[in-house]
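These notes open a run of structures that come right after.
One chain, subunit A, links the two complexes that follow: it is found with subunit B in the first and with subunit C in the second.
So, the complex of A and B:
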């Protein structure tokens, strides 16, 4: 019996280790390669011990200044998209939670249906419209598009959270003279914070890494970092792998740190309402 | 709930803040400069023109009171974007760089005919620009692009690996090349040759070495099927004898440099311009030992025909819906000048002007300039542009892979190419 338990535990540990290696290997490879001398990145057999160098980061800074401009654009767009999505999803989630009608039910279904449409379907027809409106190559259009694609999911998530907040709290606040925005701001938002963070994490991860919309709708002023990285992979000049890995590391780290910090809330957000009877 | 709380956030304040924020973000484009020439290109086109103190266009910008803003993308996304921009009612991009395997009868109509501009205000020594490249950008009699960059394929070899396997000179015929790759592989230190299986360039080069082709400029598919069969037979033999890596079917174009830099392969087909990266001591284990020659022709044709290597060329176009076409032409004229063609060549750009290859400044800096010039004189694109070119290339690659891996005989693969690709060609 004891031997069986040991075997089961060993199996579990091995499975977890394999999963860890599978998940972490690409990230570790990218980060370590960004500090390896160029000749050692793809050396056969692989060089696990090496003298770290910042050369690739220096080259990135010198030759690809546009990447750092892209990072700034990514930051602006990501913050804008997250803010828009959170505000819209919270307001909509509140409405779907507190009110009910046939039309509201139908609109919730349509929100989910819209989420199922592949982005490319709406992207290309939008291109001439966005150009005619003079919104091409602006942070605004990317923020709105990214937020739009997550409002449906965010709304469903936020409705689940708001459902868990007793209506009596709204009613008590209302009796005290609080207006609807105040109820949302002072009562709902603080209590639904894990849900808001979960929505924000989804939008941030998506907006930070998104390529298609950025490719279609930006040129220079709002060009995001993933677009610059895609140029580095281009085959005309040959790939400078060290610089590419340095850029990928810089691109990866902020969102990785953000997700790790928010992981606790993300799990709470995703499991909200799971055990509701 | 206190009174102060009730006034901290009213619906009006909230909506006002959101509307104000949206208006501020939307107002972004209005900060753009008044006289700006927008150029859509690959980054390599921008960097070859230099930056800062070494900006080749500095005087031109000053004289024309114009700022040139490049929007850069990788090759395929760039072409997608260029055609999409050109199909709008109006585009902000006045100049777009186009690769020569893209213009077709249909999409060429989206671009200005540049002959009228050339007649009115000619480019300096226009005849010096390689005639074949100009022909490639002349669609249905309309010149739609001025060639500006070439990437001619050469045969790179690692002289140290060759010497270790007992060869003191690179091959002069295709048969010698095959023998050397097999001998080097048998020697055991490196694979004879690395080729990317996802590109048509390589089998096309082998077919041309036997006097054949994939699709010629008259849209004739496999003009000499026996030559293509010979090419596939040679490649299959190389694979079987280990002169191509076992990973041939998954080797991509981006890996070729790494294989050569690491000394994992002795031969490779790449544009001549890659010599600098292959011999860069920071990334190459064989810096200074990787040389290049023109791809050798089969001994059966040696002295009877010239090898026609694959060349890819880029040209500058003006979308018909561009806002400032005259300024765009002035830019194209300036970039195409002899002085700037040399300046770009010194920055690593493959020149479109024949005379530039002979400039002492360039030959002093680039030892391969003369060889490249000779190879370019008889080079042409891998295949001509047509609407279904992408699908045709995909089928071609698929059949080549099956033949090289031994899953199909070269004869069957060639027969399948004919059956599957012929319907895709223009009538």
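So, the complex of A and C:
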């Protein structure tokens, strides 16, 4: 029995370690490489001990100012998308939770169905429309697009959360004098906070890293950081891998920190409704 | 404080009528209790008054003003929910002051009102706690406190004591009665517990199937129930309803044919013709002393409570009958016993009362 348990535990530990290596290796590689002198980056065998250098970061700052502008654009678009998606998902989730009719049921189903369509199918026909409206190359259009693709999932998630808030609380608040927006703001949103954070994490990770829509709908003013990184690869002077890894590290860190900070709530969010709370 | 008038109030949910035209007058400062079995529509009626459900037909007037379409927040009504419905993310003080904070009342004034209500309910030491850190009884008092702080003209209580244990229920019941005396506000209280109804109410409204059966003061309903349903519902244990045959009805008096009841002549009430009827006998009016009018059967259960003994017997027709005898009475199971009663203590109802 005892030997068996040790074996099982060892197996589990090994599996976790493999997973860790599998998921952490690229991150560690990118971050360490950004501090290595250029010729050591792809050295065989890999150099684990090296003298860190900030050269790549300095070069990045001097020659790729457009990257930092891209980061600012990414930040604006991401915050916009997250805010839009959270507000829309919470409101829609509230409606789906509190009201019921045949049409509402059907529309919830269609929300999920829309999610299954490849985004590019919807995106290409949008291009002339966005152009005609004069919305191409704006932060606004990217925020709206990113939010739109997450509202369906966000709505379903938020409905689960609102379902767990007793309806009597809405009624008590309404008798206390609250209007619907006040109920949403002061009762529903604080109590559904883990769900809101889960939706926000999804949207932030997606919007921060997204490439395809940004590539299609922006050119200069609203160009996001991933586009600039791709330009680095296509640079005519050849790829400066050190600078590329420095840019990737900077691109990677904010979202990594954000997800780690929100991790606690995210787990609660993803398992919502699994058991009666 | 407010008067309330319901005229032909109806409510249907998707074609199913659950409130079938209720007429009711509630006076300023009155304590009215809605009672009835579950599903009788008493909670729905309360929610219609609260404005939490839309009225499908008829009219609701609050202080002479038609209020069918007035949102609940503008009706001057506070409600205490069965589940308490405290905001879990707010402290006791914030819960109680929530309505005032929505009205943009100055902080100092909110604090004063909250403290005042908390003092009445002995909650002062709990003001900084969250609802999850309170016991059931404390949560109930916070819910009542939240209603008091609003200074509503009408208080609504939806089965507020049903989640409390027996001792706490009695204590809170006393507190609610005291609160009504102190605040002199109009209160409407829903319960399925007829003891709560009898002890708290100025006026009881008995409901069944969305229809008002009888409205009146507790003792009026106890002494003169208008039908077999009210007779069975008011009083504890419930009134015995014996199936009897009426042989003749003359000058408002009915004569019965049952063995042991041959000499019984009772006021006919709503019974107008010979045939099947129900004879209502309160368990407390039965005695073991021999008398002119008797019912006999086999003892099936003896419950000795100390100050009184409850004896159940099975009658010849298979129905059962309860008797409450004062003091501790020893009685063997399966023995044959006869109970007698005075003809002034019974009431006659048409057999149709218990159909439907």
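Criterion: the second predicted complex is superposed on the first by the 273 of 277 C-alpha atoms of A that agree within 3 Å, B and C clash if a C-alpha of one lies under 4 Å from a C-alpha of the other, contacts with A are read in each partner's own complex, and residues count from 1 in each chain.
What we mean here is this: a contact is a pair of C-beta atoms (placed from the backbone, for glycine too) under 8 Å apart; a residue touches a chain by one contact, two chains touch by 3 or more.
Predicted, not measured: the structure shown is a model, and the values here were computed from it.
Asks: Is A:182 contacted by the first partner subunit B, the second partner subunit C, both or neither?
Replies: Both: A:182 reaches subunit B and subunit C.
Asks: Between subunit B (first) and subunit C (second), which does A:238 come into contact with in this model arrangement: first, second, both, or neither?
Replies: Once the two structures are laid over each other on A, A:238 reaches subunit B alone.
Asks: If we overlay the two complexes on their shared chain A, which of subunit B and subunit C does A:4 touch? Say first, second, both or neither.
Replies: neither
Asks: Considering only touches as defined above, state whether A:51 meets subunit B (first), subunit C (second), both or neither.
Replies: Neither partner.
Asks: In this superposition, which partner touches a larger number of subunit A residues, subunit B or subunit C?
Replies: Of subunit B and subunit C, more residues of subunit A lie in contact with B.
Asks: After lining up the shared chain so the two structures overlap, which partner does A:168 touch, if you call subunit B first and subunit C second: first, second, both or neither?
Replies: It touches subunit C, and subunit B stays clear.
Asks: In the superposed arrangement, what residues of subunit A touch both subunit B and subunit C?
Replies: Touching subunit B in the first complex and subunit C in the second, residues 173, 176-179, 182 of subunit A appear in both lists.
Asks: Enumerate the contact residues on subunit A facing subunit C in the complex.
Replies: Residue positions touching the partner: 166, 168-169, 171-179, 182, 187, 190-191.
Asks: Residue numbers of subunit B touching subunit A in their complex, please.
Replies: 1, 3, 5-6, 8-11, 14, 18, 22, 25-26, 28-29, 32, 38, 40, 42-44, 69-75, 77, 81, 84, 88-89, 92, 151, 253-254, 257-258, 261-262, 264, 274, 277, 280, 282-285, 348
Asks: For subunit C, which residues count as touching subunit A in their complex?
Replies: Result: residues 50-52, 71-73, 77-79, 81, 83, 85-89, 98-99, 102-103, 146, 150 of subunit C touch subunit A.
Asks: If you look only at subunit A, which of its residues touch subunit B in the complex?
Replies: Residue list for subunit A touching subunit B: 37-39, 42-44, 55, 66, 80, 87, 127-128, 131-132, 134-135, 137-140, 143, 173, 176-182, 185-186, 215, 219-223, 227, 230-231, 233-242.
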